[in-house]
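Paired with chain B in one complex and with chain C in the other, chain A is shared by the two complexes that follow.
Entry: the complex of A and B
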């Protein structure tokens, strides 16, 4: 009788590190493809349409980058918290609070020059998100309140708060009833590259990724994050202040998610409105995991997910529901988490003697 | 009257890589009997009972239950033969009620609603004199009550033989009394109870029969009426005369570390250490002998600076250091090798470089304030690996993949690299094979000869006699007595660490 047996890995395996994500994506496409097939759609055509929608023209590529920028930033934001094993799934809410704070600056001080206004909006965006990260961070650090729940719940408060503003006090009287604030003045617009919609947010994301890389790999604070994430007992033994570091990490994680919100309102919508994010904060969780929390990989993976989003918009015109994209995202994460198991164990076949 | 044994274990042998946990063991339990299985930590008690409960399979030997030869391939099989084991960590669903925990999974649950389950539980529990609220949820109960639920659960599943693994460790004295009464009631109804323990007075108080294990072998099996505590203590600890390697021309210097009337709270909010007095001089090894759980962990954490003293003082070179934190104490020369090697002393998923600077990464030597200077860390690591003969494949591999002996050497090397005045090491040879343990002890002996004061927390008496200059016996949170290693013997220490008054034979 041949039996499969799991044994603990003695070494890390590069093959598994790279193979699992690729295989997860592949499996996700197969599962979603089967689903499409049984729903009466042609999976091959659907996927090739998505591919074309995302990369088929220079406009398509630029749209893909536009969608990738917030995913990069939000992905970096959550990855920082994840490194400390703090499950910040509140990037969506932190993004909205950042957008709210940046919009307040843009709407209140619109006559400042961009050289002053944009940095102010940037700072406000950071603070807005940071506050939204600080609350669950402090609750977790000092009172052991589960941050997964609190960050998730705070999302809804932030989204509702922005809805309230754009439906109520901040609504543009000239918007003919649409829930929008007035447009920012031009000095509140984030500059773009040439005539494309690709804006400076891309540079911000890359700079933050480089900073992350340096800090996490070589700095003292990065070392503390690593140790606390791995073992709180060892961190105590090393004399680190665990609670304070948790709060700090959640604050910065939230702050960067807040910057994402600032960049969306300043670079794309140029006003605060509902639905500034089609769930970037949630997709960012998958992006960060798929990239194994590595800052440069996050940039690459975010680009792929940007393509998925844009490709998904493309197929709607052919009557295929957009939900297929959500399904793809979900199943990628599913297979990825299942694949974590293979990083720790390998499966071998053994001949089992009959007894 | 000749009764038939309910359990017969014959010729049971079980070995794990590197150690024989059970050697040709014969073990019998009769119905209506409370049978204590006594032995030090690591004597093989838990292994033997895990075999009986179906968790392990013996390498050789067989088990008979009520005269019938059975082979257990899983705990479920053992349970259906009437054998239930209650572990120190209870197997209960915290958010479920008592009734649900007792009845769900016993096979009759689907036909009952909540009310019926509670009624059934109440009825069943009262047969054995249990007083418990069936609608209470587990998390609302004290540990003693949770243990009752475990017992009821096992009885409800039809167990005639109940194995309890150190059942009193989590209980208050009052609850211990309660438990013993319960056990007596069960025994009077014909159930058999096996009590795994290392506490002598419990054996004397509740057991009818006692079997003593040492180093995986049965050293005695007798009715309780025929023994006393001193005899049991002697049976538990080894008898061979051991050569004391530590006896050397003592260069004992002045006291370095002193604890005066120290009391320390444990995690459960009780005083784990009370009025403890201890001093460590330069150039000596002081060993703390004692059964685990008598306040050793709290004592180490208090010396390291991870736990505050409730009362009393701790001083280094005559200066009180009660208010210093762990980093300040390290800088003054208190190095600590914690008991939990992988959970506290090292970070398993980080590489050797990161582990080497765990306690010093913030110092100027390794960091300019913002960045860590990995070049100098690497140099230090290479020296350490060379000096202490640490085997590893790559400095950048997670230390997880290193062997236990090398990990312990790494840990000790790191602590010694701070040139400490005092080194505290908890169970430094635990889990190591003989060769690795020896090389660890050699490092410690060399360090002592350089004048460092060393405090070892040990449970193995042989090691204590081999390496210590003085032995401090710890029991119930205090130091019973401090003895010179060459002026005492294993019987005396063994008795003291079990809380028994030792009477020296006058010859």
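Entry: the complex of A and C
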């Protein structure tokens, strides 16, 4: 009897590294193409529209970038925690707390000039998210409370807190009761490039990626993160302060997710409202993993992911219902993630007796 | 460093592969279809939900279909489930770039994005449902659904046996509070002893949460349920519990054949047809439209056979008064929850007062804050 068995690949090989993703993408398009074909849509036309929607004009590219910026930042945020094997799935809530804190600054000190107001909003955004990262970080570092649960639960608190504010104390009296805060003053707007909606958040994301790269690669602290991620006991034995580092990493991870929130309110919505994030904090988890936690890869993967979301959403006007769009996006992701597994493991056939 | 190089190459290859696979074929077909659409008058819709919600977006989609039937030169496209944050501006812009002559959006949260895009496309007509602000090429439109709510409240008030009516509501904003007040005034007009318990589900579209809200009202002893939410989940909960219910948005009888008594419904089609005809012949003007029963934009779904004929007659009479504009819902005396007289006998609330309602009338149990 022959049985399939999975074993971990011993060596990294370029062929596998490149071949597997190409194969997964081809497979994804073939399967979703067949699916489209049998649902009565022209797959070639659909995919070409997706591509046009994401890259077809300078406007399309700019909107792809707009969608990618929060994914880049939130992806970077969670990747830092993941490197230490801290499962921060609370980027969504940290994003909302950052947006809340930055909005508070923008609404309270709106008459300051941009040069003062924007840095203050950045700082507030960072602090807002950092507090939301610190809480589960400290609980985990000092009391071994499972951070997956606490970060997840804190998401709901943050989102509800923002809802409370926009429905209650922060509601714009001129909004006839609709849940919106007043618009920020112009000095609270993050500058954008030309007349596109691509804002300075892009630079912030790139700068943070470079900083991450340098710190993780060259600093002692970067080394400590890596060691703690591999083995806490080894790290302790080597005299590293594991608990303090956990708190610090969660704090920074949350802070960067908070900056994501600041950038969305300051660069895009220009006021605090519900639904400032359609789940960026969760999508960021996929982005970070597909990029294998590498800072520069996160920038690129977030961009491609933005393209998939923007291009995919737009094909609705070709008559394709949103649910099919979601299935398309889902199947592409499924194959990519499955491919990632095959990159690390190989499947071999063995005779049962041999076991 | 070596590792990173590999990632870089890998990602380039991925990008290349996507481009290649996606790019082949279809290019020509796309151009052809663009030419075809240029001849027709194109109307684009931005939906907050999906037509499958059987409620709010479904009602708008019925209006879209009606529009296509009534004006054959019109072609429509729709983007569903458009989030209200950063994505809305891109979606509206996409419809503008694809050559839509009129763009209709069906949720208040699209306001900022719509005004931004409207600035860039002065020749396109924008219609914003339940919106706040107008511009030269942006109208807002809504209907006086509270009139139909009042009528549905009369039915509920007549059918409750224990004078305990429940209302599962989305969010504490004036639109919803206005509906609850109108419903309660209708209930008390036929049954002064009945009260209306309100619970907030804090969602527009979430069948699970809506059903939970309904369940909590059933547990509190309510024997008629009403709703301000987008899906028929409340109706289904009432059907399962064997009690009565009042729907919303569209005729929801098919979801709860035994429970559903009637319900306030939207009928957007005629408004769309009027506005688009105006845009086609150049007579369209920006306005802030708030039509009522007399325009047919709001109506009451067919009343169940279980409702006694004398009640149906009473409801019809009130409906006719509102159509004839001899009477409207928010006519005094109206008291708030504390019993304070808010609207003097014989006086009427102004539209501005109705649009910014943030308090409940007497007979409502619950808080106008979530």
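By definition in this document, the second predicted complex is superposed on the first by the 273 of 355 C-alpha atoms of A that agree within 3 Å, B and C clash if a C-alpha of one lies under 4 Å from a C-alpha of the other, contacts with A are read in each partner's own complex, and residues count from 1 in each chain.
The rule is simple: a residue touches a chain if its C-beta (ideal position, glycine included) is under 8 Å from a C-beta of that chain, and two chains touch if they have at least 3 such contacts.
A quick note: this is a predicted structure, and the numbers were derived from the prediction, not measured.
Participant: Could you figure out whether chain B or chain C reaches more residues of chain A?
Facilitator: C
Participant: Mind working out whether A:211 is in touch with chain B, chain C, both or neither, as first, second, both or neither?
Facilitator: neither
Participant: With both complexes superposed on chain A, which partner does A:226 reach: first (chain B), second (chain C), both or neither?
Facilitator: The first partner, chain B, only.
Participant: Quick check on the superposed pair: does A:236 touch chain B, chain C, both, or neither? Answer first, second, both or neither.
Facilitator: After superposition on chain A, A:236 lies in contact with chain B alone.
Participant: State whether A:18 touches chain B only (first), chain C only (second), both chains, or neither.
Facilitator: Touch status of A:18: second partner only.
Participant: Mind working out whether A:186 is in touch with chain B, chain C, both or neither, as first, second, both or neither?
Facilitator: neither
Participant: Under the stated touch criterion, which partner chain does A:51 make contact with: chain B (first), chain C (second), both, or neither?
Facilitator: second
Participant: Which parts of chain A are in contact with chain B and also with chain C?
Facilitator: Common interface on chain A, chain B vs chain C: 12.
Participant: Per the contact definition, I'd like the list of chain C residues that touch chain A in the complex.
Facilitator: 3-4, 6-11, 13-15, 17-19, 21-27, 29-30, 44, 50, 52, 77-81, 83-87, 89-91, 93-95, 97-98, 108-109, 112, 132, 171-175, 177, 202, 355-358, 369-370
Participant: Using the touch definition from the top, list the residues of chain A that touch chain B in their complex.
Facilitator: So the residues of chain A touching chain B come out as 10-12, 218-221, 223, 226-227, 230-231, 233-234, 236-239.
Participant: Using the touch definition from the top, list the residues of chain A that touch chain C in their complex.
Facilitator: For this pair, the touching residues of chain A are 12, 14, 17-18, 21-22, 25-26, 29, 42, 44-53, 59, 63, 66-67, 70, 163-164, 167-168, 175-180, 183, 197, 264, 268-271, 273-278, 291-292, 294, 296-297, 300-301, 304, 310, 313-314, 316-317, 319, 321-323.
Participant: Please give the residue numbers of chain B that touch chain A in the complex, ascending.
Facilitator: 304, 306, 325-327, 330, 336, 338, 340, 343-350, 354, 357-359, 361-362, 367, 369-372, 374, 397-398, 401
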